[in-house]
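Following this line, the structures themselves.
Shared chain: chain A. Partners: chain B in the first complex, chain C in the second.
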Partner chain A sequence: MITVQGLSHCYKKGGPAAVKDASFEIAKGEVLGFLGPSGAGKSTTQGVLTGLLPLQTGQVNVAGFDMRHPKRELYNLLGVSFEQSNVYAKLTALENLQFYAGLFDVPTEDPMKLLALVGLDHVARKRTGEFSKGMKHRLTFARSLINKPDVWFLDEPTTGLDPAIAHDIKGIIREKNQKGATIFLTTHNMQVADELCHRVAFIVDGEIRLIDSPRNLKLQYGERVVEVEHTADGALKTERMSLSAREDQQRLNHLLEQGTVQTMHTKEATLEEIFIAVTGRGLS
Partner chain B sequence: MKKTWSLFLQDIRLSLQGLYFYMEIIIAVVFVAVMLFVVPDSFSRTETRHVYLELPAPLRSVVVGELEASGATIVLANSLAELEQSMQKDRMSSGLVVSQDGAWLRLEVVLQGHESEQTRALLQATVEGAMLEGVPGLTGRTVTTVLVPNAPRLSDRDSLIPVYLTINVALMGLFIIAAYIFLDKEEGVIRALAVSPLSTGQYLVSKMLLMLFMGLVNSVVVVALLRGGLANYPWLIALVVASNLFGSALGLLIASYFNSMVQAMEVLYTAMIVLMFASYSYLMPSFSPWWVRILPTYSMLFAFREVLFENGNVNLMLIAIVQLAVLGMLAFALAHARYKRTITV
Partner chain C sequence: MKRILVIVKRDIKSGLRDFLVVYLMLAPILLALILRLFVGGMTASPLRVAVLDDGSAIVSELSRLTHVETFSTREALVERVMRIDDVFGVVVTPEGHELIAHGNEMPGTDIVLRNVLRRLQAGEAVLPVSVGVRDINYGMSPLKLQGGLLLIIFTTVLGGMLILLNLIEEKMSNTISAMNVSPASKGEFIIGKGLLGFATPIVGSTMAVYILGFRDFDIAMFVVSLVSLASISLVVGFLIGVTNDEPISGIAAMKGVYVPVLASVLGAMFLAERWHFVLYWSPFYWGYLSMNAILLGEATWRTIIVNSSIILAITAAVFAALRPRIVRGLR
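Right after this comes the complex of A and B.
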């Protein structure tokens, strides 16, 4: 659905490249997470893929359209949710969506249905200038769904949202993906990426360092360890045991047979730990 | 077209919720009120003329009668010294000493000293003319002819309408359209529109339609209230469309080189000042160097004057409309090419 070959982008002629020789593909119905710290080149890549920035070097094809000269029809297939909310402050939430729906040549979603989906139906007729940051963010997210997009670009979709709403937003993303949407998700939140993405790409200083599925990365970079809490002599003890060491396997069986185990967690590496291990850099 | 119209209606809705639209209406109404109740129909003032007559009584009354008939306010002095004293108190007045020199009538024009050569000659001719007309036995040799008898003429007050239309209908768009674009950029709305099927051209045209709508409302309100049925409205609308297109497109082109209103302000302001030099030529025809005559606003001003008549000069109006439309389209094409590359960068 998206093919990127040798993409590079400079903001100033002769200046440093914000993205260097990036190449990747996203299959139809796949969710690719683009992970990296601020200034890594995530938004620049998304900017070129959505046509907001001109394609300078390389080849980019999105939904069958060459991004060197993107045609306007492409945008009937695309949805873009921005990190910075950008809605008309003087219009109500409903007016914002109704206006935006009028710009498409394809059947669009019912604006009220979308507002209900993101929990804004009760303020549908309120001017968005009076909205909180989180509400504006949800409206921007809802607007990106108005044309029932086949390819969906999400930039930090859960940033600034409270956990309950972030949970709902993740649910919507999963549902749309299950219905066939291809998703390019830009985030520095590893937990969101882990939950939603089929594959993740680590990008640092404009370069993609690694692309793989979260599961493969954890298997490759994580330790197969179990953390067990159990009682011994009336006291609560915690032990870490390797699943691959024979001695630890026997010890774990012994504890299970004794019935003294209180809690037990597998301790595979998190995406954040893998990111640091691969790039040598943190995410913040 | 559907998308442009949708965005245009959207912009109308937004402008109705802001102050600018109402400011335009208020400015138009205030302008009309000032024109009707403050600005006089004619700017020429009644001249005061101090006169000292060294004449016998019969001739005296004839001369005074002729001078009063000229429309000037006559103040008679009893001596030359008194005449000079009176003139010093009123620096805009002039003086006249009339005496008899045998069979000759001697006229001595006394001026303040600040008058131009043209004014001096004109004053002298006026006085001589008045005497020649009125004194028995004397006839004038000056003959005046006109090319168009009963030619329509604007009052001094209505002559200001073209200046208002040029500033508020044509050139104000230069600033306002730039402000709208920068506002959309600052709010980030332009990025949302850029990832919709709306093209850059449709976006720019919708902004220009908004400027045109406001220009039409403003101009029709002003002209209808000040000229009523005396103006030619189809030509007025055509000229407003062309001049508004020119102003808006130029504003777009200038704004395309900058990232914020603050950065663009200096160039926009300079452009407006240069274009408004044409109004000096319009109000003072003696100042009309070639570089002013080639400004698009020069023909715009004179064409706006013609549309205020029912039967204005069609050639003048047509030439201005074509010139402004062509320049406007050229500026729009350049602005469009630039915005296609830079509007979201």
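Right after this comes the complex of A and C.
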């Protein structure tokens, strides 16, 4: 659905590249997450993919349209949600959605239904100038669904939302994907990446370091560890042992033979730990 | 087309909820009402005629219509006409009449007078003629005429100002990015935003001149001239709108545009004709000329079309030069 070949983007001519030679594909119905710290180049990538930023270097094809000269019809198929909410302050939530719906040539969603979906139906007739940051963010998110998009771009969809609402938003993303939407999302939250994405791209300083599924990454990079609680000299002790290090294996065998083990949990590495291991950087 | 209407509808809705926008739309009307109070207080100078008192019927007919002074000799009459104020001399001849003018009379008055005389001689009804004379007298009030012209120029600049504020709002809220990922094209966006900037000066100016009491002018010529004048304001409004990111700097830049605009209009009012060439660059100079002629009821389609073409040519040149900057700024 989306193919990107050798994409680079500089904001200033001769300045540093915000995205460097990025190549990836997103299959139809797939959710690809761009995971990386702030300033890594995630929003810039989304900007070029949606045509908001000009395509300078490389090839980008979205839903069969060449993004060097994107045709306006393409936008009937796309939904774009922004990192910073952007709605008309003097219009109500409902008017914002009705206006936006009027710009499309394809059947659109019922605005009230979308507002209910993101929990804004009770303030549908309130001007968004009076909204909190989180409410505006939800409205921006809801607006991106108005044209029932086939390809959906989400820039930091849950950032800044309280956990309960973030949970709902994740649910909506999962559901739209199950109905067939192809999704590109950016996040610096490893849980979002882990829970929602079929594949995750690690991006740092404008470079994609790797792309793989969270499961593969954990199998490949995550050191599998067991946490063992055992009694020694009458006291309860906790120890972490790697399943791959020879020394740790022997120690584990020893404890098992002694019969002093009380509990045992295998622990997976988190995506963040893997991110740090691969890129040498944290996510925040 | 559908999208343009959707955009215009939104701009109206949003504009009506914005104090500054409402104020800008009402300003020309308020100013016209204020100006009318002044104009109403000043009685317009009536058409004045000096005639040779030969006892002909025309003399008594004329004195029923307007202010008439009688003289017994031609020399005395000419001397009167040559004084500083606007007095026409009329001498009845066997062929009809002779009009003696000083040359400082308000343009157009002689046409009215000739018309009146022709009708009187033809023995036509005189009452409707007196109405015509009074109308022209109203048009002669310089405060009303020049005030009306300045108001018209002002409303066209306001059109640009509305666009500018609207664009800056789109940029500040970044709603322009949402527009840019919708099927609305840049052209639809520009036309949608521009329509209000067109409608405002046309509606505002028309209302202002009606409030000031102008009636006998050619509305088609008026609208054609307004459209051409509004177009240059729009281009300027768009340019300032896309190059400024907040309203204060935008309005400051707009003020910078007012200065040359006002300068060229005031120049057209007060400079001697032979210096007018220094104003040829300004579309507002040509607009002023057109409007002046239209309100005086003297305009010909030829003049209006020539002047409007000059304005549109200047606009097109400015737009062509700035187009890349405008389109880039709309990102």
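Following the convention adopted for this analysis, the second predicted complex is superposed on the first by the 244 of 284 C-alpha atoms of A that agree within 3 Å, B and C clash if a C-alpha of one lies under 4 Å from a C-alpha of the other, contacts with A are read in each partner's own complex, and residues count from 1 in each chain.
Everything below uses one rule, namely that a contact is a pair of C-beta atoms (placed from the backbone, for glycine too) under 8 Å apart; a residue touches a chain by one contact, two chains touch by 3 or more.
Bear in mind that the values here come from a model prediction, so they are computed numbers and not experimental data.
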Fit-or-clash call for chain B and chain C when the two complexes are aligned on chain A: clash
Touching partner for A:G102 - first (chain B), second (chain C), both, neither: both
Which superposed partner A:Y88 touches (first chain B, second chain C, both, neither): both
Chain B versus chain C as contact partner of A:R72, first or second or both or neither: both
Touched partner set for A:K12, first chain B, second chain C, both or neither: neither
Contact residues common to both interfaces of chain A (with chain B and with chain C): 50-54, 72-73, 75-76, 78, 80, 82, 84, 86-91, 95, 99-100, 102-105, 140, 143
Complex interface listing, chain A residues touching chain C: 50-54, 72-73, 75-76, 78, 80, 82, 84, 86-91, 95, 99-100, 102-105, 127, 140, 143
Of all residues in chain A, those that touch chain B in their complex: 47, 50-54, 72-73, 75-76, 78, 80, 82, 84-91, 95, 99-100, 102-105, 140, 143
Sites on chain C touched by chain A in the complex: 2-3, 6, 9-10, 13-14, 17-18, 173-175, 177-185, 331
Chain B residues within the chain A interface of the complex: 2-3, 6-7, 10, 13-14, 17-18, 187-189, 191-199, 341, 344-345
